[in-house]
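In the part that follows, the structures are each spelled out as structure tokens.
In the two assemblies presented below, subunit A is common to both, partnered first by subunit B and then by subunit C.
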Partner chain A sequence: MNLVQMLFYVMAFITLASAIFVAVSKTLVRSIFMFFITLFAFAGLYVLALADFVAITQIVIYVGGILVLILFAFMLSGRETLDALQKQKNQFISANKVAALFLAAIFFIVLLNMVLKVDADHLPWITNAIKTNNVITPTSITTDNIGINLMTRYLLPFEAISILLMMALVGAAHLSRKEQTL
Partner chain B sequence: MSFYLTYFAIGIGLFAFSAVFALVGVYAERKVSAFIQDRLGPTETGKFGMLQTLADGLKLIQKELIVPTAADKLLFIMAPAIIFIAVYMGFAAMPWGPGLVPTSLNLGLYYVFAIISIETLGILMAGWGSNNKYSILGSMRSVAQIISYEIPAGFAIISVVMIAQSLNMQTIATQQGILSTEGVKFFGFWDVSKIGGIFAWNIFRAPHLLIAFVIYFIASLAESNRAPFDIPEAESELVAGFHTEYTGMRFAFVFFSEYSMMFLVSMISVVLFLGAWNTPLPNIGAVHLADWTTGNGWGIIWILIKSLALVGIQMWIRWTLPRLRVDQLMSLCWKVLTPLAFACMLISGIWRVFLM
Partner chain C sequence: MISLTDFLVVSAALFCIGLFMVVSKSNAIQILIGIELMLNAAILNLVAFGKYDRLNNGGQLFALFAIVLAAATTAVALAIILNVYRRYKTIDPNKVDKLRDE
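Presenting the complex of A and B:
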């Protein structure tokens, strides 16, 4: 087992272990902070997959943005609501969890089916890419590639997303504005 | 295996540097504040009080590490480490000389920007973990401020990246002097590729970057929680903000990270705007000052002098200006700095396409 494989297993273990902790832990704040470790380990996995730009974007957006916002929402809500949340009956199997369990089971079957059926080492597009030498090496610059693709091949989805984001921003600005009597 | 030893040596060296800088920085801060307020500052310990911070450090090491009974112990203990590590990891991508950079990442600038934002998480952790209303108020103020000021800072950075066409800090640094391979123009008309010096710095390659530099400098003051943006630890309202409950070495780590952060943000502004490790002296005719003063040793000296000068300005501002109110802080960020930074970004695009 070489160093990269070892690192992959270490990262994967940290991701899974911390994710389980997030789901199981009784104190909400600790699970939020544990989620931070999950996201970081994810970023490590992305780096191992030579997607360094995605890894850093993950840290900027999820750790620097979304996680901090979750914490904000958490700290601004009163202690009573949080206590009520934590005093929920914590049985593993109960009637109001049937739907969630069902969904999770179906998703698990789909994933398992995919893992068993796909022959990841001999996918046609991968063998083709190796044959034509169209691969990313650890020293190549990935941002140029992403930028050029966003501005040519994926321009329409890119613009659609930017319009969606702008709509969200305008909506947020409208919601947070003070009501003015005209 | 010997390259692993080099990695460890560099890591320890950077740590030692930030520790020594914190010691010197605290002493300098006290002397500067004393000078500005017409006092003497520390005078007793050592010649001119130079051993004062060392004595403070010894005292902090001896102190008991108190954990409040009602605190969330794990979060309380981990927070100072996370705050410090977030700042310390930022030094990994900073260039010190023409061939001297710990890791020459091609995403270096983006990485530093990302890693700095982790500090906010450590601050929230400290505030929540302490289980103290002053701490939590301080940490929430601090995070609101840092997140808001990341936007003008980010756009000021983007306007440099659009001129430099690279996120690699070493590439950005190399472009601003005589070692540049693509040719440098002073204000877009005078070719200074062979002259170098102060004329090749980014703020003179494109004049609007001077505004971007000021925007980044103001935003970086806010990001390192320095006055006039120090409402997170406003002594008159919040005791000491998010680090109210910390004692001993844990308090020292919070302090370390504040001073390391000051140096880190100054170094980023030097790399982006003020020519990084390039010399300010130009080649004048037969006197090749720029050629003589470019190199690894000179690089370290120049970048240290420039960064320390910016740190000095930060201190000067801290002891001169009064603290801003929260609403003033936010209206400065959203109504002045952010539109200006957008304008800088726009001009950068036009400049790059038509004048370079």
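Presenting the complex of A and C:
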């Protein structure tokens, strides 16, 4: 077991443990701050999958943007409702949670079965990629290639997503505006 | 090197944790966090397979697109949650059950 694999297992453990903590934590703020750690560990996993640019984007957009947005929304919705929600949640803790756990466990078994059956490391296109040396190695520089591909091969999805992002942000700003009589 | 199966197993586990959160929580913000977790698990798969596409960078680029889409989704969803809170004074999805205005 070399160092990379050990790092992968450490990162996977941090991700899974913090995600489980997010899922079972009673207080909302604690789970939001624990979600920070989950997202950072996700970025670490992306680095280990040799996608450094995606990892940086993950940190910038998710940790810097989305989580701050979630915290804002939490602070703008009142504290007393959240407390009432948590009190009420403790009452019927069993029935709802057991059903959800059952569903998640069954889904996990199905996914695991599928993953072990498909044997992803020996898919035809992956062996083909290894044969034609189309594999990202730890020393290769990918960011240049991503920029070139973004402006040539994937130009249409790039422009479409930029328009969609603008529409979504305008819509969000419009929705969260205070209603005023015209 | 790390095998693809490891990545797939980790992301399957994270997806199921997200699914558990979506089904069991009675707070819209926590459900949103669960959805984000599921999205991130899917993005992890894209990135892991993207390692075998050096020339076209298909996996990594679509991971980037998915991240941007997740940001847009979150912005709109939080705006909707704020509006729901303003109307109903609660963000429990079980309690928001009227379409008409009060």
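In this section, the second predicted complex is superposed on the first by the 147 of 182 C-alpha atoms of A that agree within 3 Å, B and C clash if a C-alpha of one lies under 4 Å from a C-alpha of the other, contacts with A are read in each partner's own complex, and residues count from 1 in each chain.
Criterion: contacts are C-beta pairs under 8 Å (C-beta built on N, C-alpha and C of every residue); 3 or more make two chains touch, one makes a residue touch a chain.
Predicted model, so just to flag it, every value in this text is computed and none were measured.
Engineer: When the two structures are superposed on subunit A, do subunit B and subunit C clash or fit side by side?
Structural biologist: With subunit A aligned, subunit B clears subunit C, so fit.
Engineer: After lining up the shared chain so the two structures overlap, which partner does A:53 touch, if you call subunit B first and subunit C second: first, second, both or neither?
Structural biologist: In the superposition, A:53 touches subunit B and subunit C alike.
Engineer: Regarding the shared-chain residue A:68, is it in contact with subunit B (first), subunit C (second), both, or neither?
Structural biologist: In the superposed model, A:68 contacts subunit B only, not subunit C.
Engineer: Which chain, subunit B or subunit C, ends up touching more residues of subunit A in the combined arrangement?
Structural biologist: After superposition, C is the partner touching more of subunit A.
Engineer: For A:169 in the superposed arrangement: first (subunit B), second (subunit C), both or neither?
Structural biologist: The second partner, subunit C, only.
Engineer: Output check: A:36 vs subunit B and subunit C. Expected answer is one of first, second, both, neither. What do you get?
Structural biologist: first
Engineer: Of the partners subunit B and subunit C, which touch A:136 in the superposed model: first, second, both, neither?
Structural biologist: second
Engineer: With the superposition applied, I'd like the minimum CA-CA separation between subunit B and subunit C in Å.
Structural biologist: 15
Engineer: Do subunit B and subunit C land on any of the same subunit A residues, and which?
Structural biologist: After superposing on chain A, subunit A residues 53, 65, 72, 142 contact both subunit B and subunit C.
Engineer: Show me the residue ranges of subunit A that touch subunit B in the complex, using the header's touch definition.
Structural biologist: 27, 29-30, 33, 36, 52-53, 56, 59-60, 63-65, 67-68, 71-72, 75, 141-143
Engineer: Give the list of subunit B residues in touch with subunit A in this complex.
Structural biologist: Result: residues 72, 74-75, 105-107, 110-111, 113-115, 117-118, 120-121, 124-125, 128, 136, 140, 143, 147, 150, 167 of subunit B touch subunit A.
Engineer: Under the touch definition given earlier, write down the residues of subunit C that touch subunit A in their complex.
Structural biologist: 1-10, 12-21, 23-24, 26-27, 29-30, 32-34, 36-37, 40, 43-44, 47-57, 59-61, 63-65, 67-76, 78-83, 85, 89-92
Engineer: For the complex, give me every residue of subunit A touching subunit C.
Structural biologist: 4-5, 8, 12, 15-16, 19-20, 22-23, 28, 31-32, 35, 38-39, 42, 45-46, 48-51, 53-54, 57-58, 61-62, 65-66, 69-70, 72-74, 76-78, 81-82, 85, 88-89, 96-97, 99-101, 103-105, 107-108, 111-112, 115-116, 119-121, 125-126, 129-130, 134-136, 140, 142, 145-146, 149-150, 153-154, 157-158, 161, 164-165, 168-169, 171-173, 175-176
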